[in-house]
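Each of the next two complexes has chain A plus one more chain, namely chain B in the first and chain C in the second.
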Partner chain A sequence: MTTPIIQSSDISKYFGSAIVLNGLDWQIMPGQVIGLLGRNGAGKSTLLECLLGLRELDAGSVRIDGEDVAQLSEATRARIGYVPQKSDLFEWMTPRQMLGYFKALYPRWNNAKVDGLLARWGFDPLMQNKPISKLSGGEQQRLSIIRALAHDPELLVLDEPVSALDPVGRRDFLRELIDGVIERGTTVVFSTHILSDLERVALDLAFLRDGKIALQGRLDDLLEGARRVVGPAALLDKPLAGELRRQRAADGTVSVVTYGGVAPVSSGKDAGVRVEALSLEDLFIEVTQ
Partner chain B sequence: MSAGMKTPLNDYWLLWRMALSTRHPRASAIVLALAAVATILVALLVQLKNADPLMTAGFALRVAFGGVMMGWMLYFVPGAVKLNTPFTARLVPRLRRRLIELTALVWLVAVVSGALMTQGTRLSPALVVLGTGTWLAAYGLGQSGNRVGAWVQFAAWMTVVFHEHLPAGLVDALRGGTGFAVAALLMLAFGALALQWMFLNGGERHYAAHEAQILQTERLTVAGQFKERKQHRIGASLYELVLRRDSAARHSGRLLAHLLGARNHWVYRALAMAGVLAVGVVAMGLLHFFGSADLQDMIRNIGWAGAALLMLGALFDCERRNVRLKDTATEQALMRLVPPLPRGAPAFNRQLAGTLLRVGLLEWAMLAATVLCLGLLSGATPANLGLQACLCCLTLPVVAANLRDHAHRAGLLGWRLLCGFVLSVCISFAVGAAAHAVFGLPMLAGAALASIVIAVTLVANGFRRAESAPYAFPAGRLA
Partner chain C sequence: MTTHPAHLFSIATGSSEPIYRQLVDQVKRLVAAGQLAPGDGMPSVREVAQSLALNPMTVSKAWSLLEMEGVLTRRRGLGMEVAARTGAGQNAQERAELLRPTLERAAMEARQLELDPDTVLSLFTQILKEQA
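Coming up: the complex of A and B.
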């Protein structure tokens, strides 16, 4: 049986009185490509930081490759790539200097990949020697991604990696992610709000709500299994199998979102109950609201 | 009051508060309250001493005016420059015009008041008008990021210091008549240029100047912390060499020190010290050729003590490092994950403490060396140089202030650093006095030795604290 690359058990994190993570259990298996979704402020960045040991947990534990995240060995750290949400990093250095700096700190460094990405992503020699503070937000984000990919990580954690990229930049990034990272069997965990990108890349999705993983599954299964059942309150008064969320409209109709349950199709159209498939955007709204 | 008059006054009051609030939300109230308190206090004291209401009113007026002027200079001018962005200058109705009017109005009031305040003194009103007007215009120009402003201010100060060496004919000509008229016109032209530069009217020129303006007006964050300044060409080239050398050596401790940023690297400190020494050499040269015999004697006898004051810079260096550690929290998240840094919080924090201590000691040593060189330049005797070295040692405990629980506490130490330093100096002098009484050791030497012992103790404590603290990086996350 394969052991998870990331194993988090019952983790909790508070900021003052606010509960950000609330007894969260999450496993990520090697080679898994998982998109983490949640509303603004849901705690996605905090969760990713906790998974990497960058924040102390108030309860629970996280292990990467079986090691406690607070005591990661040199070898394990060398296999992790991380793109933080904030991209204006080491802004007093030039891109060339920053990459040289990190090259000195990692035992493995793929020069060919770095040079290729720099060339493909528009970092001409002039730009490579400009202070990072002078680069645009998108350029800084691309550089941050190059830095994270340069040592061929086996676990790549990306915190909203495309938020500052234009459509061309996003396409380039996704192409690189699919061809250069995912196909190598790298485990990828990334948070984003751009659902169309997720649909292109992520095989698995996890929704974070109320400090817990509210729903997780393969993208296709989620889209296949999620349904919205709408009908009169009298017919939908009992909880449905796999019910995720229930809403009552002003006109008295009830809308129930289910996942994996058997939709009450047998009730038929005559009874005024209709069953709708959900898009990823619908699912995001229904699960995270 | 007519509506026509009311609108500009409302605008001025609004702009005053807006400009001041760029530094602190309640800066306007604080400035006005402080000016009021100082005015009342001075008025009371003067009235109690002289019982002359006219004199009291005169003093009170001067203090009130001085307080408001300080607010204008330190808060309004930088705030006003900040308000006038390339976007607001073009698109917000009246804003730029009102800012220019208000700045010019206060400038005019300051110049006229300066001239009035010369009544009953030996100062020439004409020279005060020219000096005040030019200096204030240069100050505004400097606050908008234009270096010409800083140079003119420096020249103005030098003129005051070396006024005895100015050609007497020129000074007399400026006291009145055509000479004054020409100088006043030049001053007005300079003032108009300064206003134009301070409040550019959008467009490419404004965008080009905006970066320099931001660097100048946003040196401090809202929390009062220093921001990283722009690199200059020589420093950037030297820093690149050192970074390349450290990267090639793959020395994790040295690479960790780069996290403090280029401007806080010892390369920049060495350059800054070289600059200070160069200024010292030039100043001593000027003094040698133009200074009076009395002034030269004074510099020879107490110049070393003045130079020793530079050691207070160690406090600022220490604070800068603390602030940088707070500002680079995201970079630190990446550094936590790089392989060669030690595993586990105690070992990691020990290495960080060692790096910070090395950086602190190196910068302290450079500062002390500069101070001693300035002492030598001033012609201090070997005995006075010894005293100067002892004074330098009094600041040594400051280097331990970077060894703290960075996870829980990050950023400025502020008054805690200042109080700690004062306490350390007091203890050192007490020990020095005791050593002098018991062993006959010179008091300053005893104080210096005590400071060294305090520094060693604080460093040892700092290391112990670091080892028992959570992972230092990212700094401030548990604050």
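Coming up: the complex of A and C.
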């Protein structure tokens, strides 16, 4: 049994009197590529920040490679890459200066990778010497990604990494993630609302709801194991195996979402009970609302 | 004997069908139709992953399943190729089975529209003739 690279146990986080994380347990294994999903305001950024020790916990603990995140060693810190949702880049610096500054902090800085990415992602010499504050949102996000990838991290945490990128920029980023990151066996944890990108790269998914991981699994298993059963209330009065959510419409029709139950996708032959497969978008809506 | 390019394949996101499953079904259809012939080289996992912007594990899972089912075989050295047909090859019955997932989806929608089987079948017959 391998040990988790991130082990969070019973973590809680309050903002004032509002509870954002509520006794959350989450394990991430080395080499996993895992997408974190949840509604706006569900606490995804807070959770990612807590995992990296960037926020103090009100309860519980997070360990990365067995070390308490509140006191990470320099060696462990140097193996982590992080793309925050809001760019925290040094806005008065130029991309060149900023990358030079970070290069001095990381022993394993990969010059060839940085130069390659700058060239491929449109950072010509003019742009490399412009103050970061003068770059567009998408350009700042690309720069933030380059900085996070530059030291070939073993753990990469990305918070909405493509929110400011256009479809071409997103595809470039996905290709880099596939070729330069996933192929090296890097553990990747990322939050996103762009489900189509998620489907392409994530092998595992975790849904955050009510301050807890509400559902977690292999993406393929989730798609193959989730079902929506729809029919008249009289036929669906008992709880179904693996029931996640149940809704009753005004006309008395009941809709039940199950995961890992036995219901095969089927016809309307069973006296009006219909069983449907779900797309990731359907599943997102059913699990997170 | 050709080696097929990675862009022969395509996938759709937003489907209830997992991506590895889409690739498996697509390869089977191409083999059944003869577009992928026995001995033809398959693009590598890495090529397909890059071309379609997919996690290589997903492509690898599809290729492994196809190998297990005897559709593909591992080449000496690197890569996979389309397996030689066993026996007389796939008969019409087996090829028709490959249509099942698509037809099941169509059948579900037909029921939602409350169409009777005769109406649906005559529409399908008409579509088949149009394409021919």
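Throughout what follows, the second predicted complex is superposed on the first by the 282 of 289 C-alpha atoms of A that agree within 3 Å, B and C clash if a C-alpha of one lies under 4 Å from a C-alpha of the other, contacts with A are read in each partner's own complex, and residues count from 1 in each chain.
Operating definition for what follows: a contact is a pair of C-beta atoms (placed from the backbone, for glycine too) under 8 Å apart; a residue touches a chain by one contact, two chains touch by 3 or more.
Since the model is a prediction, treat every value here as computed from it, not as a measurement.
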(request) Scan A:P84 for contacts with chain B and chain C and give back first, second, both or neither. (result) first
(message) Contacts for A:L223 in the overlay, against chain B (first) and chain C (second): which applies, first, second, both or neither?
(response) second
(request) Could you tell me if A:L280 is touching chain B, chain C, both of them or neither one (first, second, both, neither)? (result) second
(request) Please indicate which partner A:R200 is in contact with in the superposed arrangement: first for chain B, second for chain C, both, or neither. (result) second
(message) Could you list, by residue number, the parts of chain C that touch chain A in their complex?
(response) 13-21, 46, 49-50, 52-58, 61, 104, 107-108, 111
(message) Taking the touch rule as given, give the residues of chain B at its contact with chain A in the complex, in rising order.
(response) 228, 231, 240, 243-244, 246-250, 252, 255, 258, 261-263, 330-331, 333-334, 336-341, 343-345, 470-471, 474, 477-478
(request) Over in the complex, which chain A residues touch chain C? Could you list them? (result) 33, 171, 174-175, 178-179, 182-183, 195-196, 199-203, 219-220, 223-224, 265, 267-268, 274, 276-282
(request) Can you check the complex and tell me which residues of chain A touch chain B? (result) 49, 52-56, 70-75, 77-78, 80, 82, 84, 86, 89-90, 92-94, 97, 100-107, 131, 147
